[in-house]
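Labels run A, B and C following the written order; every chain starts at residue 1.
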Amino acid sequence: MLKIEEIDAYYGDLQALWGISMQVNEGELVALVGPNGAGKTTTLRVITGLLKPASGDIHFYGHHLDKVAAHKIVELGISQVPEGGKIFTAMSVLENLELGAFVASARKVKDQSLQWVYEIFPRLEERKNQRAGTLSGGERQMLAIGRALMSKPRLLLLDEPSFGLAPLLVEQIFAMITEINRQGVTVLLVEQNVRAALELAHRAYVIENGRIVGQGTGDALLSFESVRSAYLA
Amino acid sequence: MTRKQVTFIALLILIAILAFLPVVVKKDSTINLALLVLLYVSLASSWNILGGYSGQINLGHAAFFGAGTLVTRSLWLSGWNLFPSLLAGGLVAVALALLIGIPAFRLRGIYFAIGTLALAQILYITVGNTLPMISSLPAQSLATYELVPRYYLFLGLTILTTGTAYFLVNSRLGLGIMAIREEEDAAESLGVSALQHKLLALSVSAFFAGLTGGAFAYYHVGYYPQLPFAPEWTFDSMMMAYIGGAGTIIGPIIGAVFFVIVREFLVLKLAELHLIVFGVLFILVVLFLPGGLVGVWGTLQKALARRSRPKEIKLTPTRES
Amino acid sequence: MLEPLVQNLAFGLLVGALYGLAAVGLSLVFGVTKFLNVAHGELLMFGGYASFWIFTLLGIDPFLTLASTIVFLLVIGLVLYKLLFARMVKLTESVKIQNTLLVGFGLSLILQNLALRLWTADTRSITTFYSGSVFTLLGVRFPIVRVASLVIALVTLLALDMFLRRTYTGKALRATVENWEAATLMGIDIQRVYLLSFVLGAALAGVAGCLVSVGYSIDPVMGMNWTLKGLIVMVLGGLGSITGTFVGGLVLGVTESATGFFLSLTYREVVGLVLFVLILVFRPQGLFGTKEG
């Protein structure tokens, strides 16, 4: 459903991505892993239109994403949980979730979506009137994911959901991500936590210094020698 | 001859013309006009050192100008010699500048701009309320008042200001100052102390504004002490610097000349129109022509140069089909 | 002995409400777009003149024509935004801040001198049949017009608050204040949000201007003074809270009055500015964008 072909991207004069090519098929949970600064977040920014690529194509169900304005990406069915969640701390949990359903199509079914999100994250329902700024790290991440789900996305992009979280919470969050995927949402997961991501994913891509250096199934990559030594030692 | 040498000679000729002006032209009104232009050049140049080169928008430049007038006038009228009074005016302006600069520069963004605006307003209102009476020259000074020496004072001052700006900009310090304007964080990481360079630019800017103020105090027969603190002085300087070309040496000069000429021309017709015209020009420059008139001139030159170059003969290999 | 003081403070409170209203408009625009519109005072001035001329030429009470003044300023805001500020949205942070400051300043110059040319430098004021009326409470005189202005200011801010808290668009605005990128990810069109906030800011300035023209007076050069009042209150009341900003306005008004009463009129004029400079110097964090630097 998502096809990225030969993407080059620049920050000003600085090239960040070289010929990135990836594919995500419906129902899959695909991981994009690599070290810090490899270009994972940049790739996501290109997909969501926050950064326009210098060359290459991005297809999503026939739409050319590189030609779509950033705020219209959600309408097409792609929702991103940005790095750190970036929840609106001055607003309540409920307001954050409501904003997730901002686009017209999602707004109509807002109440249903809310129920769905509360099922996956019961903690959010408990705290629905609390100011988002008072939530703990793990809860914030849950809110960020819940908020992204409110737009009923076909493809969910997750930028380092485990960042800064305690290992137990990471397990929980990843369990929820698996569940979300099982319920039919295609997931593209970007992670520094290579082991956890590879264990979770059906397929994965490895990115280093702005280039894709490897791809395969999660299991295959886990056992692949160079991946082990580079990231899992 | 290099372009630099040509420019230098042109400047010398200009200075010579200006120096001999009072000898050739006896009309006071013309000398007055020239003096006014010099005043504005000096003020705009001094603003430009901070605003154009280091990118710190000073909305309270009038405070330094005014402080200079206040100090110089008081000292001079109380018996001091002119030059120490002028110097004192300049130094007090610097002190004032550091007072607001040291705390304000620690912050980013617009704090400096609005802080200086507020400071200038405070002084403007306070001076207006505490010194509401016109400051007039005592009778004997009036009797011996001569315009020409004052003209030469302004000429010298303007040369000094512009010359200092030139040397500062072309020095290592100048590089540092401009580096901050472009990218403060990057400059800091290279060891350029942003704060020190900003303070330096601010001090030099304030010093010359203060000196100009002092010269103003020496020049004006009678004026309300509040007048030099008026925001118009800041805004006019800013506009001249931008319209002429912020961040260049000649920019403020061109801007000031342009400003005075257009104002004289328009004032004959409609009173406030000149400010609307300048406001529009100013916005146009900020939005579309960041180099000001100097920048436009440069672009024109390049365009003309391209035209006059003989067309290059392209040697392309013939394609084998 | 106490009475003149209380009277004084009452007047301070009444004018403070307008300071607060002016500041809310300024801070709304600043919060969303990060533009500090230094021509805000001039927009306020135009609002005042709009009310004045409608009253003078058509004889309709300014409180009744408030809606038309608002519309007038909405249009002006729209035109100015599209013409000048829209193109600066894409600039990098520091350049954007600098350029919007400069353009705002140029704009204020143009508007000020336009007003001078159109309407002369004379001070104007709207005098209705009830302009002189006061009602007295506990020995303190409250001019009807100014009390009505206070009420209208409160109602306006209440409406704004409802809009921001209850409507989707309002929430989108608040989200943009906090994090425009995250807002974009929600499908919020930032350009539209910027436009809306600027236009709203202009409308708020228009309301304030109308109230000033009835209760006080207007002239073409009042703009900078009011912009500064708005800035001072923004700094006093903190960004992000309508209530906080409004209270900040009241505080400024009362402080000015008290200063004028205990010290002198000169000090009264500068106390706000001095407070402003002091706060900037000693406690600027949490006042303007804490997100930057």
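Here are a few things to note about the model shown:
As a working rule, contacts are C-beta pairs under 8 Å (C-beta built on N, C-alpha and C of every residue); 3 or more make two chains touch, one makes a residue touch a chain.
Predicted, not measured: the structure shown is a model, and the values here were computed from it.
In this assembly, the chain whose C-alpha centre lies farthest from subunit B is A. Legend note: the chain whose CA centroid lies nearest the centroid of all displayed protein CA atoms is C.
Look at where the CA atoms of subunit A average out and do the same for subunit C: the two points lie 42 Å apart. Centres computed as Cα averages put subunit A at a distance of 53 Å from subunit B.
Subunit C has its Cα centroid 33 Å from the Cα centroid of subunit B. Residue ranges of subunit A in contact with subunit C, taken from their complex: 48, 50, 69-75, 79-80, 82, 86-91, 95, 98-100, 102-103, 107, 147-148, 151. Of all residues in subunit C, those touching subunit A in their complex are 168, 171-172, 174-175, 177-179, 181-190, 240.
Residues of subunit C that touch subunit B in their complex: 36, 84, 87-88, 94, 97-99, 101-103, 105-107, 109-110, 112-114, 116-117, 224, 228, 231, 265-266, 269-270, 273-274, 276-277, 280-282, 284, 288-289, 292-293.
Partner subunit C is touched in their complex by these residues of subunit B: 55, 57, 59, 100, 103-104, 107-111, 113-115, 117-119, 121-122, 125-126, 129-130, 184, 231, 235, 238-239, 242, 270-273, 275-276, 278-280, 282-283, 286-287.
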